[in-house]
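There are structures below to look over.
Next, two complexes with subunit A in common: one pairs it with subunit B, the other with subunit C.
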Partner chain A sequence: MKLGEIAGGTATFVRERFPVEKLNAESMLTKKVVPVHRMSWAYYLGGLALFFFLVQIVTGLMLLFYYQPTVSDAHASVEYITQHVSGGALVRNLHAWSSSAMILSIIVHVLTTFAMKAFAKPRELTWVTGVALAMLVFGFGFTGYLLPWNQIAVNATKVGLQSIEAVGQYLPGEMATWPTYVRETIQGEAAVGQATLSRFYALHVIVLPFLVAGLLGLHLFQVQIHGMSRGVDSERVGSQKFFPFFVIKDLSVWGVAFLVLFVLGLCLPFESFFAYPLMEPFDPLGSTPEGIKPEWYFFFVYYPLELLPYWAVMLGMTAAVVGLFVAPWILRGASRRTLRAIAIAAAVYLVVITVFGQPIYEALKGVNP
Partner chain B sequence: MIQSFLLVGLPYAAVLVCVLGSIWRFRSKRFSYSALSSQFLEDRQLLWGSGPWHVGIFVVLAGHAVAFLVPSVWASLVSNRTVLIGVEVLGLGAAILAILGLVILTLRRLRNGRVQAVTTTVDLVVLGILLVQVVLGLLTAVTHRWGASWSTGTASPYLWSLATLRPDPALVADLPAVVQAHMALAWVILLLVPFSRLVHLFSLPVLYVFRAPLVVVWANPRRFERATAFVERIEARRYFLRATAGLAAGGALLAAGTFDQFVHFFFGPRMSEKQSADLMEKKLARLEQNAAQKKLELERTRQAYIRVAKVSELSPKKGRYFVDYEMRPALAFQGQDGLPVLRSAKCTHLGCTVGSDVDAQGRILCPCHVSYFDVGTGRPNPGAPAKDPLPAIGWVLMDADLNIVASRSPDGAVHGAPDPSQLQDLDVYIAKAPEGRRA
Partner chain C sequence: MKRTAVAAVVALLAALNARAAAHGEYQEFVRKSSGRPVDCALCHAHSNGPEGTAAGQIGSLSAEELSRLGRARAAFEPGANVDSPILNDFGDLILQRVGKKRVLELRSAPDRLPDELGVASDLDADGVPDAREYLEGTHPLIASDGDPWSLFVHNVRRHVFQLVMITAATLITLFGLGNLLHGFAVRLRAKESAGKGAGT
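Take a look at the complex of A and B:
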């Protein structure tokens, strides 16, 4: 291919993804319509994830007023927030519940947009930025988990980081030590300690929010400029105006979501799902307490890691991530029926492993050998 | 005499005239039974006058109505400081809004020629009285503060006494002149209702807000299309306005409900002396723990040998935690030969710290993923997630004078033989030197 052709192709690609003639409030707001069909509910999921993200920003900033990111003070400052600051327990609980709600709505959002083939031309960029956003949100979960510096936080982070090092056993020669360098670079020192806490804090509070803000801007811009995808194969698809009808309904969904979240935040402390000693401050010299587990949204990779050979899990996960990123191109010709089947299979896997992971693990491994 | 007329006679007269007069007007001049809107003569100033006036007076009257109808509920509500201040501020704001609206409406009546043409003397009288009445109310609120609270013991029971036909003017007889004037004028306004455009109080177009818009069009295809687009636009606008109102109301409720918590969140806690002391003690303990950790680290960089325990302190059943030269957890046991067994406690699977209790089969458990390690060999049980054994750590035995009596390298070779009778008094050390450290 000649250089000119590549340049021309690139220009066409960019022009189709950023159509200048649509860059106005009229086509992005007043004339925009949302299709109405069986799957219409799925159009609310992205907005819902956005809402929970906004809640995260607000509650996160509030927590930032009191949190102290040092090994000796972190746990005490979190305790100070929950026990002494007025409304502090509520704010922290909202932050925790909202993070789970955000990840849940993102997972369902990814599955439904996949099933609706929302990644088809010209929406490839929407999809790719969306997958990247989902990864970043998991990064938020992983880094935020460490910050309270309690037993489960530090030990689960150790285990999570250690699994990077396990890649080394499959690499030849000198390369076998590279994963160790990677892990220690992330940790900032030989063991999980103050350097790790500082880094995770910086990632959680500054780096990831800015990355998300940038990608989210692009994502939402693409959504507005290209409009909602049709979503179903059927020819008879009704439509409704985006403004004011869909916007108001979206806001109403946010209202209900906030109500549920607030009630949950008031009534059900998220720590109530953890055994008591796990919430104790991390003790570097004591033994690791039982029940060290990541958050529920990592179960889909945690339990396979426990049950299957490491290489199989890594291969599967890499394939899944790469597959998600290139889906718009490799699944260009796939029908929505096929995509729906894949999405349902993925959903079934996620639900089963997340809800029944522990019983499956116990059945396959036997608790007392 | 005058006072008892104003407080008892006037109210009953006003109510009687209002009721009878309204009936008379409805029967004799039915089509005048409205606000007699002059909107089609002039609508800009009307919007800026009528809007604020009606919103303001509605809020103020609603406050009065609740205080008079359910005084006990109202009294318990305003006994809360925040609510009382909120109510007073809202009332003052609404009153000022109403006055602004009235002033604009009055100016409009006086200056616009078209409106002037339909203006009657009664209209101007009503406008004037309303203006004076709201100003009196505002003066009352400013000069005799917290009326929301004191009216529940004075004006409310007085009105109830009137309503139950057992008038008790003594309840309000001692109130300041400005308040009495405010009350008397209220009855005058009621008196004027049947004889002015105030009768629209009884013909509120409430359904107007809820009914769908009506558009009258010619039966002509071209216009029909335009009318359809028009209706669509109106419907969208109504939907938007209604929804925005709903969301604003919800948002206001939400703000009211969470405001208290969130303001105090930023204010920060003011702890009792004991609480602060407890917290400080806890923080100090953490700092000391951290300092101890740092000391261990420093010790491990500087010292050639580090003491683990006395041999007599070791047990075959329960391991003793210590920190090895790499700052990793390790365990010390008493072996079967009576000599110490030192083993890393960092699980070879994913790095959890292994437990210290030895089970009946001589194994210790890593609780993270359930691997059992043999204390003697360090090997995990078959089928465990961990594949590699826990590494052994070499040790050195020294007597009280720091003479090396015996040592074991990580591969298990023992150098020197301690006297069994003295063994219990010796100290176990780990060594920085390579031969004493684990492989």
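Take a look at the complex of A and C:
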């Protein structure tokens, strides 16, 4: 292929993804329609994830007023927020619950979008930015987990960082040392300590939010300019105007989500799902307490790592991530029926490993991980 | 001088007796009965127990605290006012309710401690009695630690006013949004029929 052809192809690709004739409020707002069919509920999931993200920003900013990112004060400042700041326990609990709710809604959003083949031309960029956003959100989870500086936070982060370094044993020559550099760069010092906390804090409150804001802007712009995909093969697909009808319904979903989140935040402490020794301040001289695990949304990789050879899990996960990014191209000819079957299989795997991961582990190994 | 000597003797006795004072049988029972990991912080001021030099451990105690420790260890019968520097409020409560003598006896039957504590006490006011928290391996002094469902029910009762208000606010908002939607739909239909009328 000649250089001119490549440049021409690229220009066409960009022109189709950013159609100049649609760059106006009329096309992107008033004339935009949303398909109505049996899977229409899935169109609200992206907005729901956005709502929980906004809650994260608001509650996160409130927590910033009191949180101290130092190994000596981090845990005490979190305790202070929970016990002495007016509404502190509620804000912290809302932050914890909405992070889980955001990740859950993103996972379901990715699965339904995949099943509806919403990544098909011209929505490839919508899909790719969406998958990148999902990765960043997992990054939020990983970096935020360390900040309370309690036993589970520090020990789980150590395990997570060690698993990055373990990749090195499967890489050839000089490349074998690269994962160690990556771990050391993230960690900032020989062991998880102040430098790690400072870096995770910076990533959590500055770097990741900026990256998410940029990608989210591009994602939403693509959604508005290309509209929602048809989503189903059925001939009988109705439509409704995006503005005001879909927007009002979306706001109603946000209202219900806020109510549920508020009730959970006020009445069900997120920490009640963890044994109290895991919530004690990290003791570098003490022994590692039992029950160290990552957050529930990492179980899909945590339990396989405990049960299967490391290389097999890493290979599978890398293939899954790469597959997700290139899905618009490698699954261009796949039918919605096939995609739905893949999405259902993935959903079953995620539910089973997340809910029953521990009993499965105990049944297969006979001990606690 | 005399006070310092007494404190030194108490400290020595305490250090020698520290391991026995930790009463690991209780911890072991709670871990087995609840299936949750527990540590010494269930009853002690420090999560590693009374031995050591950190705050809340015997090695760090001042003369006044050693004196309080001595009084707590002498509380053999129930009803004494206990304020031990190496125990937390739950540890103190156990000594107050059952007495040191009974605590030592119950080491062979730690499952009977909840009966002796009774269900009246709830130190963290989380709606789960301390005796039940002991059985379930949750912390009697941490309000956010407990059986999630019990905490949820207790907090719903506690915050019923706020919950009613937020539910009412949400319902009113949803009602308003529903009406807005209906209004727009009526306007759209009117516009469409006007368009059809003009066409014919």
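Everything that follows uses one rule, which is that the second predicted complex is superposed on the first by the 363 of 369 C-alpha atoms of A that agree within 3 Å, B and C clash if a C-alpha of one lies under 4 Å from a C-alpha of the other, contacts with A are read in each partner's own complex, and residues count from 1 in each chain.
Here is the rule we go by: contacts are C-beta pairs under 8 Å (C-beta built on N, C-alpha and C of every residue); 3 or more make two chains touch, one makes a residue touch a chain.
Everything numeric here is computed off the predicted structure, so don't read it as measured data.
Enquirer: Could you classify subunit B and subunit C on subunit A, in the superposed arrangement, as clash or fit?
Expert: clash
Enquirer: Mind working out whether A:Ala275 is in touch with subunit B, subunit C, both or neither, as first, second, both or neither?
Expert: second
Enquirer: Let me test your reading of the model: by the given contact rule, A:Val20 touches which partner, first (subunit B), second (subunit C), both or neither?
Expert: A:Val20 contacts neither subunit B nor subunit C.
Enquirer: Between subunit B and subunit C, which makes contact with more of the residues in subunit A?
Expert: When the residues of subunit A touched by each partner are counted, B comes out ahead.
Enquirer: Quick check on the superposed pair: does A:Ser163 touch subunit B, subunit C, both, or neither? Answer first, second, both or neither.
Expert: A:Ser163 contacts subunit B only, not subunit C.
Enquirer: Regarding the shared-chain residue A:Leu251, is it in contact with subunit B (first), subunit C (second), both, or neither?
Expert: The answer is both, since A:Leu251 touches subunit B and subunit C.
Enquirer: Once chain A of both complexes is superposed, is A:Pro284 in touch with subunit B (first), subunit C (second), both, or neither?
Expert: In the superposed model, A:Pro284 contacts subunit B only, not subunit C.
Enquirer: Which partner chains sit in contact with A:Lys365 here, subunit B, subunit C, both or neither? Use first/second/both/neither.
Expert: Only subunit B is touched by A:Lys365; subunit C is not.
Enquirer: State whether A:Leu3 touches subunit B only (first), subunit C only (second), both chains, or neither.
Expert: neither
Enquirer: Under the contact rule defined above, give the subunit A residues that sit at the interface with subunit B and also at the interface with subunit C.
Expert: 241, 244-245, 248, 251-252, 255, 258, 286, 289-291
Enquirer: Touching subunit A in the complex: which residues of subunit C?
Expert: Residues in contact with subunit A: 36-39, 41, 47-48, 137-139, 142-148, 151-152, 155-156, 159, 162-163, 166-167, 170, 173-174, 177-178, 180-181, 184-185, 188.
Enquirer: Sort out for me which residues of subunit A touch subunit B in the complex.
Expert: Residue list for subunit A touching subunit B: 62, 65, 71-73, 75-76, 79-80, 84-88, 90-91, 155, 158-159, 162-163, 190-191, 241, 243-245, 248, 251-252, 255, 258, 281, 284-292, 306, 365, 367, 369.
Enquirer: Using the touch definition from the top, list the residues of subunit B that touch subunit A in their complex.
Expert: Residues in contact with subunit A: 236, 239-240, 243-244, 247, 250, 254, 261-262, 264-269, 271, 275, 279, 282-283, 286-287, 289-290, 293, 321, 323, 326-329, 345, 347, 350-356, 366-370, 372, 381, 383-385.
Enquirer: For subunit A, which residues are in contact with subunit C within the complex?
Expert: 82, 89, 241, 244-245, 248-249, 251-252, 255-256, 258-259, 262-263, 266-269, 271-273, 275-280, 283, 286, 289-291
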